[in-house]
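One chain, chain A, appears in both complexes that follow, with chain B as partner in the first and chain C in the second.
Now for the complex of A and B:
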């Protein structure tokens, strides 16, 4: 496999609340020949609080990272986090306008070209290695595992900015999980909102929206949800007990990052993939992978 | 859904300002309701998003900027994705929040405080420090932290750092905030 170097933007959650996403992303990229060079001294992109407060501030926080990445010898910038991705891509796009570009540069006090390709890790991995090619590296197929793919609302949207996959019915995660041997169930909430950061101020909104996602996944008979966004994963996993309390449900639905399941299929160990960081214990679900017949017995 | 009936003095410049700041042409909205039909937060909004667009066209500045809906919007981009007239509705919601702040009309103060606490943390450390952000949020709002039940879980999983991850050149990020304020 050829090796391509990318500037890697982990995002703040990768340092804490989604540390298992960061670690398993690095492992997956390594095993597929996608070389990640961390953007040195990267700063927070400002996330929603910045773009909801001012677009110039938001773009300036992003642009410092773009400028640093531009001084590296890389094919582009990649990040696992859809929220960071949307900010990076939106800024780069808006900076094509000279007036805005000049304003941002005057605030960042650095030259910023804003011309590097910016992609999600998911897109990069699949462009680098077709799912069929990834399948040939699988040593522990996810046979027996029924999953629903949950992309979250902004991995593919708005389409003009994200320019990846279908904005209403994306299939990249479906294809990847199928190639790894899992059974992918058709899921109507692929791109529905989990409630994002509203949980911190209006928890009822998140228990309603994320609760619906868990309800449908369970009703479909899924063993697990596969996520690609730190915010979604946190709402569905860490808040699952709150959701159960609020909605009088008893879900026990593991919510994996797709990079964790991919790593598992490619032969990485559960401890390296930080399975123990998940709040909903996935042990029973992971046993299905080794022994699909176990499901029949536990029924 | 309750709708605002407070009469609003029509502010002719308002529509213009919103269009300029969002780079959108709102006259193209023909009230199909797609945005509202797809909006995941419609059930919690005081004014549905298509109605907000209609009120914008009519220049109902005060009613629009003092709505709760603009603060409950999760920036999910569904409206933008589904508008048949290619109006970036989510960007307009952003712009309305910016304007509501400037006009002092923030209807959901906790949301604003949360975002301010987040940005304060970024300004201080270069990255967001979750524990510091929450402490700041609680201080600003005087609210009980409703997620206290999650703290032991997050701590146990090593997901809640007790020390900030400061970047090396914090001063550069601080200067970005400072210059931004000078320009604003």
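Now for the complex of A and C:
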């Protein structure tokens, strides 16, 4: 496997609420030969509050990071977080317009080329290594584990900005999980909204929307949900007890980052993958991976 | 020459941004101009009278009109000066409307450009010569391409008027989409009951020759004398012998052939007659599905056929047809909805197209007229219809309205209630477009009498849940999201140009729009003509159309052909090439480049010389630029005339 260097943008949640995503992402990239160079002194992309109030503000916050990355010797910028990704890509696209470009440069007071390729870690990993090739590195196949892949609503959308996978029926996570040995169930809510940051102001929306994702996953017989977005993962995992209370359900559905399950299959230890950071305890589920017969016994 | 120049105001169309008086004034100083004036509407009755009077009063022998595009009025003004006794080719037009006043706002610049264009026209006119047409015979047979309802109407109207008709249909039966429909709006009468007798008339009419399973291979010639090659595809059945008894179908062991007539609801046998009322009612073998033709064994049909009609060795044949006019009536095709991931992209068995639904509604269809879910054969109770699937959507390059889906969706909700009284239909729509006689009343009936629930908004996704489907969308009148659980979802797929329309247009030398629909001669005034003389359009090949409009166009095209054929001879266009014998060295380069085969090589005093067949020459001018000697010249566009125009514009 060849080694390629990328500028790595972890995003703020990777420093806190989704630190297990950041850690397992770094581990996965390392084992697949994708070298990550942290963008020195990176700053927050502004997230939803910035782009919802002012495009110029959002673009300026992003552009500073682009400028730093452009001074590094890298093949592109990659980030695990779809929300950061969307801001990075949108800004880079908007800056193709000269007038906008000039305004942003004058605000960040440094030249910004906005020409580096920007991708998600998921896209990079799959472009770097076909799922079939990843399969050959698997030491602990996820046999016996039934999962539903949950991409969230912005990993592939809007399609002309994200230009990755199918916007309505993406299959990249499906392919990856299958290669790792898991059984992937056909999931109708792959790209539905989980309620996102409305969890703070309209929790009822999140309990309804995320609740339905959990309901369907459970009805399909899934052992776990595989997520690729810190916001989605938080709503489904951390808020799962709130959802249960609001909807009178009793879900106990672990919500893994795909990088955690990939790490597991590639032989990394559970502690290195910070499995203990998940709110819904995955211990029972993880035991299935070791001895599928356990599932029969628990019935 | 005594030249007269007439500068038209076209109301304010030209005069608004061009100083027409100043243009006339400038024209007076051009060589050989004896008279120049501006005029309010040159094409109007007083305008034309003014031109005729001036010709008489000033002894004019050539006229320039500076006005609109020659496409619009060249023929008008030629006739005008003809009435005053001038040769109609001693006339030039300067287009100062489309090329000047409509595209620029700067009056001074516009006026200068108009003066330049008038000067060019004058310089050309000074070198024009009188041209005379000759006459040629018309072959009074007509070819209709496409046997949908529009083509059927056109063929019957022509044949009833005494013309010989050749009808070419690509499928094994005529009838087009209408033959697949169950009932038709706005009267909800049975489609095959009204179309069937027309189809039989086609088969029985002594003036009609029908080539089914056939396509146009090439078209040569010109109005009055087209020469068309028609490829008749191998059917592997001798149609002279086949009686259409259908015994072969019963015993054919290959039952997985595509059922195109039933829109792939189920499959059919390799040897097949698509439906009981097919015309011609003849069997056809699908070579991809036939066991004999793919694996070399079987032959069950051949053993069974009472008239020994099976011919596994049959090949395509090409027949030649001579006709004087052609009507294109090739219809439309349906949008491929699998492009939309949000509707499942073809993954969900119970998300069907509107045409598949028609087949299920039809008593002679694959489900015997029972509405069932393809997945489990159960009767659906909650049915969601989604309109504008592949219509009015820029994201799939279909910005146009397909025109008939609002109406047929209303029809399908009514029929659904008739079939399953305790069912509930829901319709997601963008706008309801029902501007026809009794049409709006019809959609109201679907809602008010048949209880269809109409929701204004788009669907964002269809998701399977517990064996049913959740259809999520927006209700834009209520301003809220909606979710409906459905047993069956019907997509009102839009119309797009018929497969292969572009290639056919190129054979016919007619133009087509960016979506493949054929272009009419003028969007308002020539709805069934094309810009190629002798080629006409009917039905939805020109743009989506419902049955009444398609039939009206079929009749309109037929009447155009009747008018054309009401004369025995046509005047040829004298703007054709001609060879200067003393210059021609007989190299034959022109003969090899002419796309119409209009140049023959002859002998003159033992020397090879080119000679133009005037009735075949289309005046394209390719030969003129090919000839190394400058010996062949296009009349009315000679090198000298064109150079004079250039010199007028660039004197230095």
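Methods note: the second predicted complex is superposed on the first by the 299 of 299 C-alpha atoms of A that agree within 3 Å, B and C clash if a C-alpha of one lies under 4 Å from a C-alpha of the other, contacts with A are read in each partner's own complex, and residues count from 1 in each chain.
In the analysis below, a residue touches a chain if its C-beta (ideal position, glycine included) is under 8 Å from a C-beta of that chain, and two chains touch if they have at least 3 such contacts.
This one's a predicted model, so the numbers in the text were calculated from it and none came from an experiment.
S.K.: Here chain A is shared; do chain B and chain C fit on it together or clash?
M.R.: When both complexes are placed onto chain A, chain B and chain C end up clashing with one another.
S.K.: Between chain B (first) and chain C (second), which does A:183 come into contact with in this model arrangement: first, second, both, or neither?
M.R.: Touch status of A:183: no partner.
S.K.: Determine, under the contact definition given at the top, whether A:105 touches first (chain B), second (chain C), both, or neither.
M.R.: neither
S.K.: Once chain A of both complexes is superposed, is A:70 in touch with chain B (first), chain C (second), both, or neither?
M.R.: It touches nothing on chain B or chain C.
S.K.: Residues of chain A touched by chain B versus by chain C: which partner has the larger set?
M.R.: Between chain B and chain C, the winner on chain A residue contacts is B.
S.K.: Who does A:168 touch here: chain B (first), chain C (second), both, or neither?
M.R.: The answer is both, since A:168 touches chain B and chain C.
S.K.: So, does A:270 touch the first partner chain B, the second partner chain C, both, or neither?
M.R.: The answer is neither, since A:270 touches no partner chain.
S.K.: Pick one for A:216: touches chain B only (first), chain C only (second), both, or neither.
M.R.: second
S.K.: Quick one: is A:16 in contact with chain B, with chain C, with both, or with neither? Answer first, second, both or neither.
M.R.: The answer is first: A:16 touches chain B but not chain C.
S.K.: Considering 166-174, 472-480, 544-552 or 562-570, which region of chain C has C-alpha atoms that clash with chain B after the structures are aligned on chain A?
M.R.: Residues of chain C that run into chain B: 472-480.
S.K.: Identify the residues of chain A that lie in both the chain B contact region and the chain C contact region.
M.R.: In chain A, residues 167-168, 191-192 are touched by chain B and also by chain C.
S.K.: Over in the complex, which chain C residues touch chain A? Could you list them?
M.R.: Residue positions touching the partner: 340-342, 345, 347, 461, 463-466, 470.
S.K.: Can you list the chain A residues touching chain C in their complex?
M.R.: 166-169, 188-189, 191-192, 216, 219
S.K.: For chain A, which residues count as touching chain B in their complex?
M.R.: Residues in contact with chain B: 12, 15-19, 41-44, 46-57, 60-61, 64, 86, 103, 106-109, 153-154, 157-159, 167-168, 191-193, 195-203, 205, 208-209, 238-239, 241-242, 276-277, 279.
S.K.: Can you list the residues on chain B that touch chain A in the complex?
M.R.: 40-41, 43-44, 72, 74-78, 80-81, 88, 90, 94, 97-98, 101, 108, 110-111, 114-116, 118-119, 122, 126-128, 130, 134, 137, 146-147, 149-150, 153-154, 157-161, 165, 167-169, 172-173, 175-177, 179-180, 183-184
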